[in-house]
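Okay, so here's the structure we're looking at.
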Amino acid sequence: MNTRLNKLKCKIYVIIFKSNTPAGKAFDVTLLAVILINMLLVMLDSFEDIHNKYGLQLYVAEWVITSLFLIEYILRIWSVNSKLKYILSFYGIIDVLAILPPFISLFIPGTQILIAIRTLRLLRIFSIFQMSDYTKQSRLLLQSIGRSWSKIAVFMLAVFTAIVVIGTLMFLIEGPEHGYSNIPVSIYWTIVTITTVGYGDIAPVTMIGKFIASITMLIGYSIIAVPTGLITAEAIRQKKEENIKCPRCFTENGKDFNYCKYCGEKLKTFD
Amino acid sequence: MNTRLNKLKCKIYVIIFKSNTPAGKAFDVTLLAVILINMLLVMLDSFEDIHNKYGLQLYVAEWVITSLFLIEYILRIWSVNSKLKYILSFYGIIDVLAILPPFISLFIPGTQILIAIRTLRLLRIFSIFQMSDYTKQSRLLLQSIGRSWSKIAVFMLAVFTAIVVIGTLMFLIEGPEHGYSNIPVSIYWTIVTITTVGYGDIAPVTMIGKFIASITMLIGYSIIAVPTGLITAEAIRQKKEENIKCPRCFTENGKDFNYCKYCGEKLKTFD
Amino acid sequence: MNTRLNKLKCKIYVIIFKSNTPAGKAFDVTLLAVILINMLLVMLDSFEDIHNKYGLQLYVAEWVITSLFLIEYILRIWSVNSKLKYILSFYGIIDVLAILPPFISLFIPGTQILIAIRTLRLLRIFSIFQMSDYTKQSRLLLQSIGRSWSKIAVFMLAVFTAIVVIGTLMFLIEGPEHGYSNIPVSIYWTIVTITTVGYGDIAPVTMIGKFIASITMLIGYSIIAVPTGLITAEAIRQKKEENIKCPRCFTENGKDFNYCKYCGEKLKTFD
Amino acid sequence: MNTRLNKLKCKIYVIIFKSNTPAGKAFDVTLLAVILINMLLVMLDSFEDIHNKYGLQLYVAEWVITSLFLIEYILRIWSVNSKLKYILSFYGIIDVLAILPPFISLFIPGTQILIAIRTLRLLRIFSIFQMSDYTKQSRLLLQSIGRSWSKIAVFMLAVFTAIVVIGTLMFLIEGPEHGYSNIPVSIYWTIVTITTVGYGDIAPVTMIGKFIASITMLIGYSIIAVPTGLITAEAIRQKKEENIKCPRCFTENGKDFNYCKYCGEKLKTFD
């Protein structure tokens, strides 16, 4: 009987964790659908009038989905071999966080809204859709940012200092009577301005304040060119690295070429 | 007589669908003028006082243009050989949509405003001005985006998840009393913030809300560099591909060069 | 005496139009200073309380500067050989436009504010500071935009159509009661949104309006990557073109190199 | 005894100015911590209710930190050899500015808020964290901007002129009754618009004003591509310059390669 259980365990593991079988694919699609439905219900529940009218139904639906997630979580732990590794993994933690809220709200009233944390399960999308290719792409993307890291760090440190200095300056110039209630709020305004968001909930009133604001905007508008330039330069370098150089004429060929596009030389060895 | 009709049909086809004859060009210019005039009239009609004063005249003008569009549509169907293909084509559907509104408003009152759909006929501009060259350019543009597609998809998925998570978080933190009435509105605010639009119709009030808003802005401001970098790298690769490499000295020459700019070698064969 | 007059004419021509003599340079600096002072006075006059207090003094100062500009204009016409060419040139027209306003305001009261047109004389800065080098740079810049023109045109046509269609759509959805008074105003809102400016003077109120606004923002945020990519690719190509290729080892050297940085080969011939 | 004093002086110099000893590192970390704590206290003090409640305690803390900074400054001057050079250096001036405010506020009441200037000491971070590498990176960054300087200057001059002209125009069109109180305010609005910040504290009301505002936005949205393109082109050129070219096959290798990645040729000489 142990063998039959083991076989079942193995089967369930393949269904839940892998997506190269029809059953596995079906499971992934269902899981994604449940996550999206759950998200939709949470969104609907956030409307006051829907909450008042259909609060009970949504509450029941919430518990149904919670049960499904709980069963899924138990099956995951049971079927996986390295249990602790899964529990402490990124997705393992999110899976628990998605189950807990309704139980917490049973004991501490008013915390039911924590259900919104469940949105984080959306991140499962990454592990469902063609994991290998996309993950590789995002690794390349992060690498490209990483290689320019020391330059970007200097840049960000300078921007951070500028934000704090300008924020403090504006607090001194405009002061609480014009909405710059304290330095953190003033720094918030500086970020709103330097990123060119510009809500307008706080805006300079005095002439000198408007002048410094103008300088801040122009700085914010200009410096966007710097990280863009650095990342672009890195992306181009990476693209070139992927090319295969022809051993006869030194022409750079795309990574999927078998023969040199220029002189016809064989680029790869076929076994 | 059949032959004469056939000749006429062929003539009309050339005038309406082609633009390499004087008559064809005149037709295209007239069509564009009528579309622009129609657009202008729709715009004028959207002013309340003009609508009250000249409503009748504009109504008549609308029917005149509708008739012209109807006649054009009938002629198009009659003169073209593969009728169904035209009817179901992109422009075929827009052409019908541009005619229908006034007729619908005859039966269902209050729908007259649907005439605004007619603005879509503006897209005809693409088929009128040097179709071949511009279409080629836009195909290259789309190709350039397409090649970076898998990278852009990962990026967009991550941004989408971030928007939903931040939106939900802000709904929990700020709540309906500060304008974040429900999660969809909160997500709308997140998009307004992350794209650095920043209307200010909704803005964070609490300290922690302002802090998360600041993070969101900085994210939005930084990530613009990523798609820009990817598309630029692709555009550069494409530009290089167009070059012609000299067979003698390996210098890259522009696509319109006949002789190598460096060593004078002949690059193209003239027949 | 004619010869003496001719000599004087020639001298004045060199002083006014050229800047390679000490007198010419002094004239240029003085002219720039007068333009800047005039700008400052116009700005001061735009403050209501300053206008009320020092209106008379500013009025006199205005006439003094107008006289100076008039004298300069007369001298320019008198000293230049191809008078008509100067009068109809870009700077010639701006020079006249800078003189006219005070005279017009003598006859038509209330037009005195036209003096602000004089700000256009600021453009003289371009002709004063190292004209040759800067003009060359700006020509290269415009060329770089020009080469990508057909691609940029397609892009702009698509954006323009999108703006009109979205503007009309939002007018239908939100309507005059939410501030979208008519289609032109609605198109203005679309431009405010798609360029990520986001004043917030008009903002969507309905749910469907907010949804379309979100799409518009995301479009606006994404498409900035396209012209940036195109212009960058062109700027890089241009930079490469300036390089000098070594005839021995094909290394690309900077435009100001005399010997190949790689193999020491002479790149330029010295006479 | 002079020798012992000299030894101490040397020791203190190494601790304060260098960071290659454990004591030096500990000093740097402590200094940074004190600067950050001080920043935090200044921020807290800017909250009105905290200031009212804990004003005295914060005042004492301020004087304690001032004393520490004063002692540090005295030790710096005493231990350094070229005293005047330090006093007049960038960090020397900031160090004095960070000490002065509390003393000034003793004599001139109401200036205590000048303490905020102390935020500038944050810039010390640059001299603490891996000075050499980061400073080199930022020098490269500035160089990259510097090389495109003449092009960027033309661009900025054109933008500046456009801002002044549009600002004046909008003052004429909208006028003080719509918030464009005077030309400087109008120029402030133009900068808010052209940098796509868009507070909305001032927004065009008239139709023609909205039209010019739309043009301004589109200009602002488009021209961001120009500096980005220039800086990117320069960053790419710089990246290439760092490469080492193989003397046998002309392949470009990364700056940290010892052998050609393509043909294995030795790139560097090892001693």
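Letters are used for the chains, namely A, B, C and D, taken in the order the chains are written, and counting of residues starts over at 1 for each.
Definition applied: a contact is a pair of C-beta atoms (placed from the backbone, for glycine too) under 8 Å apart; a residue touches a chain by one contact, two chains touch by 3 or more.
Predicted, not measured: the structure shown is a model, and the values here were computed from it.
Participant: How would the chain C/chain D interface be labelled, same or different, where same requires over half of its residue numbers to be shared?
Facilitator: Under half shared, hence different.
Participant: If you average the CA atoms of chain B and of chain D, how far apart do the two points sit, in angstrom?
Facilitator: 42
Participant: Find the geometric centre of each of chain A and chain D from their Cα atoms only, then give the gap between the two centres in Å, rounded to an integer.
Facilitator: From the centre of chain A to the centre of chain D is 29 Å.
Participant: Among the residues of chain D, pick out those that touch two or more other chains and give their numbers.
Facilitator: Residues 184, 196-200, 220, 224, 228, 230, 232, 234, 236, 250 of chain D each touch two or more of the other chains.
Participant: For the protein chains shown, what form does their contact graph take: line, ring, star, complete or other?
Facilitator: Contact map by chain: complete.
Participant: Taking the touch rule as given, give the residues of chain B at its contact with chain D in the complex, in rising order.
Facilitator: So the residues of chain B in touch with chain D come to 196-200, 228, 232.
Participant: Per the contact definition, I'd like the list of chain D residues that touch chain C in the complex.
Facilitator: 150-151, 153-155, 157-158, 161, 164-165, 168-169, 171-172, 176, 181-184, 186, 193, 196-200, 203, 207, 210-211, 213-214, 217-218, 220-222, 224-226, 228-230, 232-234, 236-237, 245, 250
Participant: Could you please specify the touching residues of chain C with respect to chain D in the complex?
Facilitator: 39, 42-43, 46-48, 113-114, 116, 119-120, 122-123, 125-126, 133-134, 137-138, 140-141, 144, 184-185, 187-188, 191-192, 194-201, 220, 224, 227-228, 230-232, 234-236, 238-239, 249-251, 262
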